[in-house]
Amino acid sequence: MENDAKRFLYVNRKAPYGTIYALESLEVVLIGAAFEQNVSLAFLDDGVFQLTKGQDTQGIGVKNFSPTYRALGDYDVNKLYVEKESLEERGLSVDDLQEITYEDEDDDWEEKPSINIVSRSEMADIMANQDVVLSF
Amino acid sequence: MSTLHTVNKSPFSTQSLVSCLGHAKDGDTVLLIEDGVYGAISQSGISDAISARATEVNLCVLQPDLEARGVDAAKVVEGVNLVDYSGFVELAAKHSLTQAWL
Amino acid sequence: MKFGVVISEGPYTHQASDSAFNFVKAAIANGHEVPRIFFYHDGVNVGTRLSVPPQDERNIQKQWTEIADENCIDLVICIAAAQRRGMLDENEANRQGKDANNIAEGFRISGLGQLIEMGIQSDRLITFGD
Amino acid sequence: MENDAKRFLYVNRKAPYGTIYALESLEVVLIGAAFEQNVSLAFLDDGVFQLTKGQDTQGIGVKNFSPTYRALGDYDVNKLYVEKESLEERGLSVDDLQEITYEDEDDDWEEKPSINIVSRSEMADIMANQDVVLSF
Amino acid sequence: MSTLHTVNKSPFSTQSLVSCLGHAKDGDTVLLIEDGVYGAISQSGISDAISARATEVNLCVLQPDLEARGVDAAKVVEGVNLVDYSGFVELAAKHSLTQAWL
Amino acid sequence: MKFGVVISEGPYTHQASDSAFNFVKAAIANGHEVPRIFFYHDGVNVGTRLSVPPQDERNIQKQWTEIADENCIDLVICIAAAQRRGMLDENEANRQGKDANNIAEGFRISGLGQLIEMGIQSDRLITFGD
């Protein structure tokens, strides 16, 4: 990563499928990965629903894009922050989310989790510590 | 005379479900569709309020929308009934009126 | 039973037109009639023939054109909502001095009276929006 | 009014200007008036904001359509139901709303108020007692 | 390092303002625009929660949006500052970061 | 100061593009620069030249075309979002085998990289959406 890379945060606060924001946010993240900035993703409020496992969209005739989150590691996008309070309010725990991992090139390519569960106050710190915030 | 109410918004984001439940009459059906299906998740911050209304009002959730969002049917609040699109159509036919809470 | 259907949001952005499509398919399969669908607000954008969705996604406009053709459904786009949003048929384009039009086969542009008429003539009216 | 007229209710739950629904709802009401049905308008939740007086849109460069509500009486649209609880929750009272009136042809053209403040439970009764509900 | 947060939704309809206020840091500015300006009305069901934050966070409301909606400046919660579009621009320039709570 | 602006919602339906316009006008009046505006999601619909708003309403597309022309603002419409929603320029129409295009003067269609680039090159990035 270049020294003058900017810290980019993609903020996801909306549920998938009801609206297109989650999908089109992911499209920005994938394209943005080529720019070698310092990228993080935040999932809070209804955005945490984007990461649930077992999504099956056959019955609604819409493409299931949830597998794409698991590919983020291949694009060197491996900082996914999920807010604990948002999960709890929605009756969810980390067990309801997909497992998303990346291979750490600085640690002998060990497979590590990309999802970090953070408190609301930690999420506020993450948000404050950015150069660019893109909201979806 | 009774009404099928549809709610398509997450109750964690908007007031639509609360407003709908505040206006639905006994004997009406409230059907959760699209992002509205999140209202059927048990042990959430609002699930008690939902199940409290499940006796006077027929609470239903659209299963294809539930599956799309990865919500296991086992996680649905007790007393909420699962329907498919065919069931949705027949609910609209059975009730004399349909009202969307957009 | 005769269903009238209102679609209030644009394609892909909101699930409204997908939900309406699945509802209409099921209604027809169950032996009901859907004589007309009225596209209002951003719903008018469903009727563009210029969209090019990714190969692995559904083509919402084509789905409507086909189901309407097979079941004689009148797909009506509200003219007032369409004008604001840049949805035109050939007549409207000529009348407004525009050099192109973008409405798809099977859709027609007409007035809000068609919505009221649908409300009067249908046994049930159902709205899919945001 | 014909005997076989249907009862149409236009339900307004959204604020004006932020989105177009309030304006385009009004356009349906005006066109619909020609069909001589039994028309009522419901204003609840943020829909009550549509009727506030003193709207001045010059600063945002958008057309002020609030005077149109006062013309509804000329179209024989004179049943505007506004929910009391929705007003109160928003810090509003009837004094914050425009005065909207109609001339009663059955009562020597006396000018009467079109706005009726109703409780949530009365609003529920009004909604239940319709043939067609259009939601905006 | 501080942030200008914009909120454009009515707090009576959506959770955006609540979520924003729950994440804004002391010294940040929260600017209410579009339908968000309804959050500045005094004596509403949420005005106490708003004014409680007005000491740590700089709460502002966009006056042209307030006027469009017929909300009298005299009705605005105490401690909330009125700004015009020029003021909006300078708030965005003054804070190092802008975040929209859509 | 250099502002980058993202517009995420369509014209007339949401206030987003109006708010952005008022913000950009004020920014320029205050001596700031707005080198680029990026239209994403339904925001791409702002760039249609086929809209015919009522006489007594603002013409949102024309407002953008004019302010961009006067201040050298690069109005970029996201290609991926545009394709789904039926927004095409002449090149895209030819490439996709479409018989019409609808993009207005002053707008250009390009990739999402232009959004990231805007984020990198701007001092501040501000989003107007829903």
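So that you can tell them apart, the chains are marked A, B, C, D, E and F in the order they are listed, and the count of residues begins at 1 in each.
Operating definition for what follows: a residue touches a chain if its C-beta (ideal position, glycine included) is under 8 Å from a C-beta of that chain, and two chains touch if they have at least 3 such contacts.
A quick note: this is a predicted structure, and the numbers were derived from the prediction, not measured.
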item	value
Each chain counted as touching subunit A and subunit B at once	C, E
Cα-superposition angle relating the copies subunit D and subunit A, to nearest 5°	180
Subunit F against subunit C, contact positions shared by both copies (same if over half, else different)	same
Distance-maximising chain from subunit A - centres being C-alpha averages	D
Gap in Å, rounded to a whole number, between the CA centres of subunit E and subunit D	29
Centre-of-Cα separation between subunit E and subunit C, whole angstrom	38
Distance between chain centroids, defined by C-alpha means - subunit C, subunit F (Å)	26
Residues of subunit D touching at least two other chains	14, 17-20, 45, 60, 62, 132-133, 135
Touching two or more other chains - residues of subunit F	12-13, 15, 19, 22, 41, 57, 125, 127, 129-130
Multi-partner residues of subunit B (at least 2 other chains)	8, 12-13, 15, 34-35, 64-65, 84, 97-98, 100, 102
All pairs of touching chains, each written as two labels joined by a dash	A-B, A-C, A-E, A-F, B-C, B-D, B-E, C-D, C-F, D-E, D-F, E-F
Subunit E-touching residues of subunit D, taken from the complex the two chains share	14-19, 45-46, 49, 52-60, 62, 64, 66, 88-92, 96
Residues of subunit B that touch subunit A when the two form their complex	8-10, 12-13, 34-35, 38, 41-45, 47, 63-65, 67-72, 75, 84
Residues of subunit D defined as touching subunit C within the complex	6, 8, 20-21, 24, 27-28, 31-32, 34-35, 37, 132-135
Residues on subunit E engaged by subunit A in the complex (per definition of touch)	1-3, 15, 19, 22-25, 28, 97-102
Touch list for subunit A against partner subunit C, complex	17-20, 60-63
